[in-house]
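In what follows, chain A forms one complex with chain B and a second complex with chain C.
Take a look at the complex of A and B:
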């Protein structure tokens, strides 16, 4: 296999890994702060992509043609819609049953995700078929042998990295981030210190959902196609990546996301069986890794069971 | 008891009209995602029955018993059992969905009901059994891929790569396309099975790009077909995209926009107006003012119903005699609105219509009518 071919595989895998990591960070944020698994998260990704698509369709119909302007509108619409959606899920679905067993939250959000997914399918015009997502980034590229490096992919990758770095800085450097970390460590103490618990939860849900929206728009821009069911597998993979890295740990989610993408690529390319089995291979390895390290590759910093 | 009831029905219908009433079942998906095609098929079979009843020379009065298989195997078997156990129903025009047609062949055989499939395309429905009761007027993916391989090799393409989904549909297409393309002197340089809900094909397409094929054959349905075509462009893979019946719909073009231009695909059957008796069929259909159009397979349902009624006219309403009347010896070069029908020993029509399509300016255009065939536009790499 030539070096240029390897470079192409690495680039393909990196794009996937970035999307998985963005979704996984959301899972890990929700779990870190509230100890809940928000299983509608994958469908929030799809909702973000479709909100962006709707903004694009609306503005295009109104005669806007500037790709830059459209891109900003798509990102804003996706971010706002999912921030609101995330906060609503947090406020009206997760918080009311916070005291109930974790399994209930998991089930309820799983159902909320189905509602969201079906709503897109039924209410978006022609929603049960794949929808074309506009190419708003420059599509020029460079050829290095078998490696076709596209400018839009480089931009997406850089933007994704910036989003994750931004989230990291927000959590470690701002007052609100401090509050999030405080609640994550000890809710009771945080409350007694005067931290507005509900506000922290809603901000966290909004933040995680905005990351998901970015993953959704990135998916759309990368593949130029979105699908009402796109969040289903992305959600499962994002969740697996978060668990693999260590649920509740930001770095773990990133490592998990890229590791999963690498496993899929290896499964499709380097193994002797049909590429249809790449997910079987990747999830199989996750199972083995979970058996070896039950708390994830980078374990939770604070064990809840002490 | 059942016999008595049947006798009573017959007696009553005698009272109603001078002719003996003969009942034929129509089975298809009348609800659910495929209901448009199901309703079009039902209307077309109904049209055949109405026209026959209006014919004074017909020996019998026909009645169509409409049953809904919902495109679900369990519902299909239930309906087949219902029709089979009802002795007044002597024959059936059956099924659009391959899974359902596959699930019901045993039931139709067990009850000895002669049926003609009007839409399902899986080869195994006729070829995986020796049941004399099962027939089919439409073509299968075997015929489709034969036509496909002939066209692309005829265009001078030699090196092919295949991506197919790992369902029966995708695997079948892979098998027959590979077989015919090799017969026609082509070479398969790579063959990739993928899951039917896969999103990312960059790993497979990168491998394919390294193999440098002239044509990428895709055996699967619209959602992943769209993804494969879009991601080919992302990776700078310039091969000609060659698809199957699974992508011949407007959604494929809508989802791809300009990238759909020049995509080839094939489908069993032909647009009604292009069929030998299509114009007359459409005019008659129009007169009945049905709420739904006949859709792609309506003419086949019509032809199947006509074929059954012709057999019944000759032999009388007896399941066994109708089966004998539909044997290859009797159904050879029979003229119908979908062209000549000839059954082989499996009851499969051996001269089915296959349509070749190419996307031109955002529309599926018949190959013969396209600027690609006329040489005004070029397929990829030509």
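Take a look at the complex of A and C:
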């Protein structure tokens, strides 16, 4: 295999990994503060992408043509919509049944995801078909032999990395981040220390969802297409990545995301069957990994307390 | 006596609902149904003999099928309800008794259907055996998931089955030998000399060919219902309850937790697979689209709506979930959205479902 082809695959893998990592960080944040899996997270990703698309369509119709302005609007719309959605899901769906059996929490968030997914399919104009996502980033690039490094991909990667660094700084350097960590470590003690539990949960849900919105827009810009069902796939992969890295572990989730993308890329390249089986392979890997390391690669040690 | 009246009223209601043509009539009937459903618990209908209830329900279905003997669509709906009840009975063993989550119900239903299609197209195997083979294939493919399902629990196990549901769906779509996205057609179902796609004619009694499917589905349902209820009443049911409620305690009382989970998971998939095979024969055609993740979620919604662990509850819930979008055309397009919203509301406000599972009454087992 030539070096340029390898570079191409590495670039593709890095893009996928960044998206997965952003989604996985959301899962792991929610699990940290509430010990629940928010299965609607994947569909929040899709909702973010569609909110961005809607903003683009609206502004384009109003005559705005500057790509930079449009991009900012798309990102803002996506971030606002998902922050609101995430907080709403947290406030009205997850918090009320926090103490219920795990199965119920799981189902209720899965169903919330279904509501979002179906709402996009039914109420977004032409939502049942894949929608073209506009190319808002410069399409130039550099050639290194046969390998074409696209500027827009570089920008997306850098922006994704910035988002993750920003989240890291927020969690480690601000008072609110401290509160989030406190709640994640021990909810009751955090409450007795005067931390507003509900506020921390809602902020965490909004924060995780904004990361998801960015992943959704990134997905749209990368593939030039968004689809109402895209959240299901991204959600399952993001969750798998979060589990691989150990739920509740922020850095584990990032590692998990890139690891999963690497597996998928290697699988698509190295395995003899057609690339049509790419997703089959990805989900097969999820199942096998769960069989080998049920609580993830960097996983938590679980012991039963009776 | 009370029970007989209630079943007669329910049968009449079902007949009116199935025959109702105009949307206004359907809406009116549904309103009557909701009011009756709200009032019913106040009449204290419970407490009768279960055996009598079984007999009455069986007779009522026969009467309903005979009354509707020339109405293809209504009979198709009845058969569809019966088949989905069978599938959900399988899931009920997993979710309701053993506490093993399975979000790939429609996938195992699909494995049964695809097995039936492949076997009936390429071999001369008798079709009744093909139905059993459909179940066996579902059970067998389920064993692939055993290791991850046993080693994980809660949301981790859910992820495994969700990943499997998505995997199977994509696999069916890209695999050309299984028809790809277009799917496969099935030959006519034959049992001995009986050809299922010819009109029924017994002397003066004539009716649609769907009568045979209703009869076969009813037969399968009675078998599945009997197995599931016997299972619940037996020592196995108690062991499964123990495993679901507290694995550590169950293990310390000498129960082999892994074995019981394997048994419940495989039995459940088998039952679901048989239902899938029968459904494939009845529709005569299968495609990956019929077995997507949304359908799996509908199965789980049925369990939850009915009250997890209660076969009667899930039967009622199946009738509601299958009939509602078919009769009320306005909501057909929105059915996934509505059911999802309904499940959210149920989980938030009535987590036990419509007919919660009653306490075990071991004293009455004969």
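Criterion: the second predicted complex is superposed on the first by the 278 of 306 C-alpha atoms of A that agree within 3 Å, B and C clash if a C-alpha of one lies under 4 Å from a C-alpha of the other, contacts with A are read in each partner's own complex, and residues count from 1 in each chain.
Please note the rule applied: a residue touches a chain if its C-beta (ideal position, glycine included) is under 8 Å from a C-beta of that chain, and two chains touch if they have at least 3 such contacts.
All values derive from a computational prediction rather than experimental measurement.
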For A:119, using the defined touch cut-off, is the partner it touches chain B, chain C, both, or neither? Pick first, second, both or neither.
second
For A:58, select first, second, both or neither according to whether it touches chain B, chain C, the two together, or no partner.
neither
In the superposed arrangement, does A:223 touch chain B (first), chain C (second), both or neither?
first
Which partner does A:138 contact after superposing on A: first (chain B), second (chain C), both, neither?
neither
Looking at A:37 after the superposition, I want to know if it touches chain B, chain C, both of them or none. Which is it: first, second, both, neither?
second
In the overlay, answer first, second, both or neither for which of chain B and chain C A:166 touches.
neither
Figure out whether A:265 sits in contact with chain B (first) or chain C (second), or with both, or with neither.
first
Please work out whether A:67 is in contact with chain B alone, chain C alone, both, or neither, and reply first, second, both or neither.
neither
Intersection of the chain A residues that touch chain B with those that touch chain C
233, 274, 276, 279
So in the complex, which bits of chain A are touching chain B?
5, 8-9, 12, 15-16, 126, 129-132, 141, 143, 146, 148, 150, 153, 219, 222-225, 227, 229-230, 233-234, 264-265, 268-269, 274-276, 278-279
Residues on chain A engaged by chain C in the complex (per definition of touch):
37, 39, 93, 96-97, 100, 102-104, 106-108, 110-112, 114-115, 118-119, 122, 232-233, 236, 239-240, 243, 274, 276-277, 279-280, 283-284, 286-288, 290-291, 294-295, 304, 306
How about chain B: which of its residues touch chain A in the complex?
166, 192-195, 197-200, 202-204, 206-207, 209-210, 222-223, 226-227, 230-231, 234-236, 251, 254-257, 259
Residues on chain C engaged by chain A in the complex (per definition of touch):
95, 101, 103, 144-145, 147-148, 151-152, 154-156, 158-160, 162-164, 166-167, 170-171, 174, 248, 293-294, 297, 300-301, 304, 333-334, 336-337, 340-341, 343-344, 347-348, 351
